[in-house]
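Multiple structures are listed underneath, in structure tokens.
Each of the next two complexes has chain A plus one other chain: chain B in the first, chain C in the second.
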Partner chain A sequence: MSDTNRNRLMLVIALIMAAIYLFPLYWMYITALKSGSEMFATPPSFWPSEPQWATYAFVWESRGMGRYLWNSLVIAFGSVTLITVLGVGCAYVLARYRNVWVDIGLFLILMLQVLPASLMITPIFVGFSQLGMLNYPRLAVIIAIAAKSMPFFVVLVRATFMAVPQELEEAALVDGNSRVGAFFNIVLPLARNGILVSAILIFMQAFGEFVYSKSIIQAVELQPASVGLNSFMGPNTNEWNNIMAYATIYVTPILAIFVLLQRRIVSGLTSGAIK
Partner chain B sequence: MTKQIELSGVNKYYGAFHALKNIELSIEKGSFVALVGPSGCGKSTLLRSLAGLESISTGDLKIAGELMNNVPPRKRDIAMVFQSYALYPHMTVEQNLTYSLRIRGVPKAEAKKAAEEVAATTGLSQLLGRYPRELSGGQRQRVAMSRAIIRHPKAFLFDEPLSNLDAALRVHMRKEIRTLHDRLGATSVYVTHDQIEAMTMADHVVVMKDGVIEQQGAPLELYDRPANKFVAGFIGSPAMNFVPAVVGEDGRSLAVDVGEKQTITLDQQLQPGRRVTAGLRPEHLHFVEPGQGVFRLPVGIVESTGSATYITTATAAEVTIVETARRPVKTGDIIDVSIRPADVHVFDGETGLRV
Partner chain C sequence: MKRLLSSIRDGNGFDIVLVAFPLGFLFLMAGLPLLYNILMSFQEVDMFSLGTFLRPFVGFKNYQDLFAQPETWPILGNTAIFVIGSIAGQFLIGFGLALFFWVNFPGASWLRGLFLVSWVMPGLVVGAIWNWILSGDFGVLNFMLRETGIISGNIFWRSDPNYSLYAVIIANVWLGTAFNMILLSVGLASIPGDLYEAAELDGANAWQRFWTITLPMMRSTIGAIISLGLIFTLQQFDLFAAITSGGPNNSSNVTQYWAWDLSFRQYDFAKGATISVIMIVFVMFASVVYVRSTRHEVRG
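Up next is the complex of A and B:
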């Protein structure tokens, strides 16, 4: 087989894989536009005959999606801010000092990352309840998400810091800056891209977080969109078009951000690792 | 002359590793001092201790008469040029130059003026708006130098600043740095592993090995009277030949073992029968008529650089001879060479110290 033919074959395989992978997304978008009868038609239709645009407005209104999305935003921004403020310093220290304790610290951090949220939620719930944190459920969720996602952020940002040569900092010290000044003037601007990318990834994770929010937030008016979506579900659910419309509204902004920043995200993730 | 930098009894430990051993060094104001030695000899550690990037474990470190042991780098008023230049990549050349001034709160207009003045003397005027990534190696080197100059510090520290440049540019920058030093009347400490750089640039050369200062002094003093075998072999290129020898019965001659035993006369009286090492510089061995020389040596390898020919002998203890006159010498020839008694260096056979 010649090189071009092999490349073509590879391309076809890649396209098929991508189609399989992206099919649920496609199904979400078209189901949202189908009418009630078309939804259950056999054989299923792959393109809505009469797009039902009104579904979006109906779902937005009837479900109070504005409030849900606002809650999601509050939780996501809160988590990202908390993680960034605390994680950057932590990552910097772990990047600059090398000894046994740093290795042990990194190991423990990665351990935390391994534990699933559904396992962690019981002790977290009990602990928060003892502390009276359940009276501030959104704050409680922000703290829980921060604890859960911090390791991921620290590991990524540490790699970014390690790519900043130590000599630059030393030059700043000799030039007359303090350790703290050198960090803010020299290291931080150079690590900015890596930190930004990691923060965006954390944001997208936190925006879709479900387990902690569902468990900790009881009041409907404080729940994020992920929990709101779940409240559709019941034993006799049949309003798939409304659910898909909800999901579309919820997911499209995140997808858009990812597509727009995709190139930077990928380069930001690898720049620390390769150099 | 006042002392600008003084080190007395300085030791540095990294855990159990003894990196600097009892360093005694005083550097006069306005002098150019080179720290030279093989990698891992402690020369960079010593320089970083001067800068305050490493702390010293024991001893005293004074800059301009003030004790600096625990003073952070920013308060030492010294400037450093790094091997990688360490230019701030997110700042333009001008911002790189003025960074130290801006930290000290110098007004913007004044800092800009200072940058323009320095740039004019180092040929960077056209490049002030560029970023480091848009500069060539030589230009980056100049920015690093200018960044040090702009502050008029008490001392300049150079950490192998030329090692990333190509050979031609290195020779050029060597002169440029020395000229700059003279014009500024600065005090400079220059770390290098290249003894030619040290010899050509410095007023005072400090040879280090394993954290110990082996010898320090004027370049030619080190070349003419090396204190031990290590310094003798390190200073001078190609390196000095070392051959085992025994002092003759009269105490004024050496029986040298180069393949066959040969005798050379000495200009000093030594204890007869003492085992020593004779140090013969390649450039001090000269050709003589057959039968007139002290050595008759078979030729092994002949390398010609054009200006000089390096001849390595095919003897057990290899001897290199540098000959500037062109001679039709080829592998397998037998050559006759001689050396003046005053040019023979004698080192103790066991300690390696100069006799």
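Up next is the complex of A and C:
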């Protein structure tokens, strides 16, 4: 078999495997377009006979999705900002030095990265309620997410800073820059792409966050889209086309960002987690 | 004062300021809750004493009560099944896919990256989709299994106590496989190619090459991925909330969901804290394994 034929065969197999793996995604998009009766047809149809585009507008209006998505955006942007402001400097210092203190700091950060949110929420909730933080529920969620996700961000961004040659910073210092100047003028611009990719990863995580929002935010008008989806799915629901339309509206922007930036996200992710 | 300012602008003070704020923040928001959790597990906490720190101490009573409850051991058993089933599924399928995509062909790396959409989606959305796919009468999975003759009657994945835990495991395997595959691909790519050339010259077949080169060279990667898998499966909460809510009758309940359920559904914060402490000890153990197996790379 020649090389081109072998490549074609591999590509076909790979496409088939990708199609099988991504079938749940396809099923979400297809179900959202089905009518109430077509959805429960046996055998199920794999292509909607009459696409019901109006479902999207109906779900958007009736579930108040604009408000939910706005809250998700506020929470995601808030936590990304807080994490970036605090985490970049921390990652820089941990990348710049190599001594026992840095090792201890890294170890503590890696340990904090692994604490499950659903276990940490009990003490965080009780503590926040004692401090009166529950009166600002979205801010409380932002802070909780920041504490949860910052270790991951620091590990990823640290890998980026390790790739910036230290000679460049030293040259800037010799040329009369202060440490602050060298950091902002030389090191940060060089690490910009890595920081951006890590921030996008954190953003996608925070955009879908559920445990903290569900536990801390009681007022419906402040809840993010993940909690909205949860309350949409009652135990005996049969509005699956509407739920899938909700999920489609919620997840499509994230998928679009991911597909556009796929290469950078994958390489950023792998550089930090494992080598 | 002037010296301090100039040190911050142009000396080691700069580094200390950069690192002090994030570490302080992490200590306040992750370290203190951890300690507070341990404190609460030794206290009597109810809705009336929620607002005070000085609650009556009860010693190990919460722990004793917890293990006296009939559902505790089944839930711990469910957690073990969930963790082992999820990790085994994610790892084996992920390794298979990684080996397949290791063969270089045009479009391989792009297609491989596409698999990762399952990992970037919000857990609640993944749960909602699988909830619908796994539905008993109208679920598409039952339809496919029926058509291929694997089952004769519908399986009620979410409401049959024999299957409810596996419903969540299936969804979790789907969610985590891509992440396993990507990390395993990175590990595979770092094996020097001349090892295989040498083995081929010596007459080793593909099977022997896999067992004598690939697996031994991947040992530290595999160790890291298994411990990461343990960490991630013990963090999995959204799928339980979206698919079974731990039911029916706790048949699909696991500790990380139960802890939340006790605190926020039954308002028994002390019990919730007690389970959290037990599970966090487990997670810490896994993370020590993980940190040890990635230590060389992390220190760079």
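The rule is short, and it goes like this: the second predicted complex is superposed on the first by the 251 of 275 C-alpha atoms of A that agree within 3 Å, B and C clash if a C-alpha of one lies under 4 Å from a C-alpha of the other, contacts with A are read in each partner's own complex, and residues count from 1 in each chain.
Operating definition for what follows: contacts are C-beta pairs under 8 Å (C-beta built on N, C-alpha and C of every residue); 3 or more make two chains touch, one makes a residue touch a chain.
Bear in mind that the values here come from a model prediction, so they are computed numbers and not experimental data.
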item: Clash or fit, chain B versus chain C on superposed chain A; value: fit
item: First, second, both or neither for A:L131, with chain B first and chain C second; value: neither
item: Touching partner for A:I186 - first (chain B), second (chain C), both, neither; value: first
item: Partner, of chain C and chain B, that touches more residues belonging to chain A; value: C
item: Partner chain(s) touched by A:P44 [first = chain B, second = chain C, both, neither]; value: second
item: Partner chain in contact with A:S178 - chain B first, chain C second, else both or neither; value: both
item: First, second, both or neither for A:P165, with chain B first and chain C second; value: first
item: Partner chain in contact with A:I104 - chain B first, chain C second, else both or neither; value: neither
item: Which superposed partner A:V12 touches (first chain B, second chain C, both, neither); value: neither
item: Where the C-alpha centre of chain A sits as vertex, the angle toward chain B and chain C in the overlay (nearest 10 degrees); value: 90
item: Partner chain in contact with A:A57 - chain B first, chain C second, else both or neither; value: neither
item: Minimal inter-chain CA distance - chain C and chain B, angstrom; value: 8
item: Set of chain A residues, in rising order, touched by both chain B and chain C; value: 178
item: Chain A - residues contacting chain B, complex; value: 165, 167-168, 170-178, 181, 185-186, 189-190
item: For the chain A and chain C complex, residues of the former touching the latter; value: 6-7, 10-11, 13-15, 17-18, 21-22, 24-25, 27-28, 31, 39-40, 42-44, 86-87, 89-90, 92-94, 96-98, 103, 105-127, 129-130, 143-144, 146-148, 150-151, 154-155, 159, 162, 178-180, 183, 201, 204, 207-211, 214-215, 225-226, 229-230, 233, 235, 240, 243-244, 247, 250-251, 254-255, 258-259, 262-263, 265-266, 269-270, 273-275
item: Residue ranges of chain C touching chain A (in the complex, touch as defined); value: 9-11, 14-15, 17-19, 21-23, 25-26, 29-34, 36-37, 40, 45, 50-53, 97, 100-101, 103, 105-111, 113-118, 120-126, 128-133, 135, 137-138, 140, 143, 147, 174, 177-178, 182-183, 186-187, 190, 221, 224-225, 228, 231, 234-235, 237-238, 241-242, 245, 256-257, 259-260, 263-264, 269, 272-273, 275-276, 279-280, 283-284, 286-287, 290-291, 294, 297-300
item: Parts of chain B lying in touch with chain A, wherever the complex brings them together; value: 51-53, 72-74, 78-80, 82-84, 86, 88-90, 99-100, 103-104, 147, 151, 157
